[in-house]
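Everything on this sheet refers to the single structure shown next.
Here the chain labels run A, B and C in written order, and each chain numbers its own residues starting at 1.
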Amino acid sequence: MTALSGTIPVFASLEGAPIALKAWILGMLENMGMPEPFLMLVSIQLSILGFFSVFLLLFVLASWFERKILARIQNRRGPNRVGPAGLLQPIADGIKMLTKEDIVPVAADKVLHACAPVLIILPAFLAMAILPYGKNMTPVELEVGILLFFAVSTATELAVFMAGWASLNKFSMLGAMRAVAQILSYELPLILAATSVVMITGSLSLTAMVEAQGGYLLGILPNWHVFTPWGFAAFAMFFISALAESNRTPFDLPEGESELVAGHMTEYSGFKYALFFISEYLGLYVVCGFAVALFLGGWQAPLPFLTFIPSWIWFFAKILCLVFVAMWIRGTFPRVRVDHLMNFAWKFVIPLGVMVLVSAAVWHLAGRGPLGWILSLPPLLIPYWLMARAYGRNYDAGGRVYRFAE
Amino acid sequence: MGITAKNFIASYTKPESLITEEYPEEKPKLPENNRNFPFLVFDDDPDAGLRCVSCKICERECPPQCIYIVQERDENGRPVKQPKVFDIDISVCMSCQICVEVCPFDAIKMDQEYELSSLDRFDPLIHDRQRLSKSNEYYHSIHPAEAAAVDAVLAEKAARKAGNKKAADNES
Amino acid sequence: MNPPSETGSPSPNPAESPRYRTAGYDSDAQLLEVSLGPQHPSTHGVFRMNVALDGEDVVKLKPVFGYLHRNHEQIAEQVSYLGSMPYTDRLDYFCSLSNNWAYAAAVEKLAGIDVPERAEYIRVITSELTRLVNHTSFLGFMLSDMGAWGTVLMYAFREREKILDLFESLTGSRMMGNYMRFGGCRCDLPPGWLEQARKVVDGYPAFLDEMESLIATNEIVISRTQRIGRLPADKAVNGSMTGPCLRASGVNYDIRKVDRYGIYDRFEFRVPLGDHGDCYDRLMIRFLEMRETLKILRPALRDIPEGPVMDPKARQRNLRPPEGEAYARVEAPKGELGFYLISDASDKPYRYRVRPPSLINLTLLEDLCLGEKIADVMVILGTIDIVLGEVDR
């Protein structure tokens, strides 16, 4: 806390507000003479309730936010009928989803068909447990947090494949196969990018990683990993792979509607479909949250004099910024093709990921000064240039010359 | 991405780049030539003043055959120059304006009313004579220039007719 | 799960049918037969393709059309010559005014009717505007087939709307023009129309630049269109492909230049030709054509003379052309649109036949798609630019 925070008591008290609230409830229960195990249970429940409600609210906001942003990008107005500025639109959508008929294909495997939407939403919630939302605000303090994240996020594809298989629909099956291939190939760059942070921080705990990014260079530039050569490359890789992980455009091949109708979700309707939808947004939040924690300084304020704003506000603000970028990308790019996607992952991102590791090692050894900059850039730039050239040779990207007949 | 960002920002800063018309609140300004479904013009009295003489040219020419006309007969069973039944099935009509073009009496014109949705797909979509009849003033309000030209032509015709009649009277 | 094979006998694995074996595919391969359409998000209406997939590769593709068949030609033989004019709007509903012109030209040829000069100018202006409408919305639809979430489509529609407003104030309807008549046009231009049209035409290059920087240099678009769906020139000619798709394969054939119908010989414009014949060329040819179209529109809007828009001798109702036959064709935005009429001196055509560019271009679909990925099928279908109203008639 800086001196400023003393002058603005509102912010100072907000900083610890969620924790204080929890402590107050627990204290009250303790005064009432509740036994110790029960208190522990309540403590856990309160944390769970906290981030469940926050993230479901965020999901509701996100679907409104996304529609508004896409609409504005496309010169439309977006939802504006339900509630002020269409803010209640997600609720109306939810009611519609809940009241729709739940159709299960006759030939479908009914058990798996019903399990898949439940399974797909679990990993997102599990991964949320280890995100450091603010100072002292990690719901589950895990020494190996990053490992849990990767373990859990891979479980998504099981659910996707279950959905595709159980629907007994060719489009679903194709979509599910694509999803598995895609998630598996982008898991690797995701891990490689995160490993570089692990190398520098020397810890698998997300809290430690965020704390390592505290402080400011020359008093202004925050010490975030994204502002280092290897960190920037790793962040770009992480973000691209994260978009692919969460099936966002331009990597939304599994549900690519112009080819596969809706991919693995083709045969789902009503609330089951809504669950897929929710999991997509929650997944986006989770991967963006990890990107923030790993590379964008987590809950650290971007400028020293802004530290009076509570840390958890920073964290959510950064997540929303990344989500906005994801939506902006969705509003701009067409979908890539499945073989291009694989080529991009295996022939471009993963080799670059290995070079990021080299670069991070150089940075670690050469120190964080100018020498580190000079030495850690070449292992990134040279392979990037070489691969980009090899990749671009297949296309006349510079534009073709056309003949004209009079 | 720059272009989409530019459009995103422009949608907030430049109101004219948001081209959507918010329909129920703001209604589109229709150009004069706009056409939707036909209606029948009457001059003074909605019953007797109907210009239609039930010559059935439009019924014959209508490409999708959506017009149905029965001629009025007086008590002696002689045909009167009035339609008894004049139905247009607007679920069949394709707004092609051919009935307007072929009508020698300028009796049928194109309407601009577009809020025609109904909960039933049969009866409300068949417009009968009563519903189709609209005054010449209404016609003027939707197609001012065209209506003025039509009025001029009709006035000329009436004058010529009156002149012929006068000439015939003089002769006799 | 597999539909019965073509011979009618249910075959558990389509790979066992002799057709696949001769095609050089491993008969052990597990082929997946997918029926894309008729209800599918990106088949541009009710069009169906029976696709056999080996993984993601297309091994066989069978287009199935006719879901939108409306008896257009038979109806036209039952109604008067004038009566089928509004039906021609509904062939290719993006280009109703070009269709009007082609049909009017056929009847004029049959009945020997002349067209006044102002009407000729109006016809050129409206049909070139139609070309802008068609190519603009083509870009939007094609990018949404590629999965661009409608952004390009919305930009395209924003511009298209301006031209549709012009059409509305001229013909009374945004898409179903029903505007041309035998011997001219139905009504004269409303006051102020030419200024409005000039404004739209002057604003178009900026939009085209925006679209080109959004589409033509986009890495993903390039990687998804270049070298995809290549069509060699000889194959295109053999399949009697016309329009921008043919010119993208490098064949110099534009009916505006070949026939010089109407008053096209008065305008200077060039015909862009592609060298590769792939999807990217088909995309870019449309951009270039739009720029050439603007070159026609500017002088046309400047030089349009005063005068009548209808031949006073031409009659619309009870038109009874002398016995004979006539074929007239125009360069519609999608290719050669022709109307073939036989008259038996009655007020209805004895035979009425449309040569629709969409249908004939579509017949090459299988050749273009074989060996490509299933995602490319949509892009290829998008670049052929079909409208089901014209394919099925």
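Observations, loosely collected:
Assume a residue touches a chain if its C-beta (ideal position, glycine included) is under 8 Å from a C-beta of that chain, and two chains touch if they have at least 3 such contacts.
Remember, predicted model here, so these are calculated numbers, not experimental data.
Legend note: the chain whose CA centroid lies nearest the centroid of all displayed protein CA atoms is C.
Summarising the inter-chain layout, the chain whose CA centre lies farthest from the centre of subunit B is A. In whole angstrom, the spacing between the mean C-alpha positions of subunit A and subunit C is 43. Once the centre of each chain is set as its mean CA position, subunit A and subunit B turn out to be 59 Å apart. With centres taken as mean Cα positions, subunit C sits 32 Å from subunit B.
Residues of subunit A in contact with two or more other chains: 73-76, 331-332. Residue positions of subunit B with contacts to 2 or more other chains are 3-4, 7, 19.
The residues of subunit C that reach two or more other chains are 151, 155, 158, 214, listed in rising order. Contact residues of subunit C toward subunit A in the complex are 1, 32-34, 40-42, 53, 56, 143-151, 154-155, 158, 214, 216-224, 226-227, 250, 252, 254, 257, 270-276, 280-281, 284-285, 288, 373-378. Subunit C contributes residues 75, 79-80, 82-87, 89-90, 151, 155, 158, 161, 165, 168-173, 176, 178, 186-187, 190, 210, 213-214, 316-317 to its touches with subunit B in the complex. Considering their complex, residues 70, 73-76, 168, 170-171, 173-174, 249-250, 252-253, 256-259, 261, 330-340, 394-397, 399-400, 402-406 of subunit A touch subunit C.
Those residues of subunit B that touch subunit C in the shared complex are 3-4, 7, 19, 30-35, 57, 61-63, 94-98, 101-102, 110.
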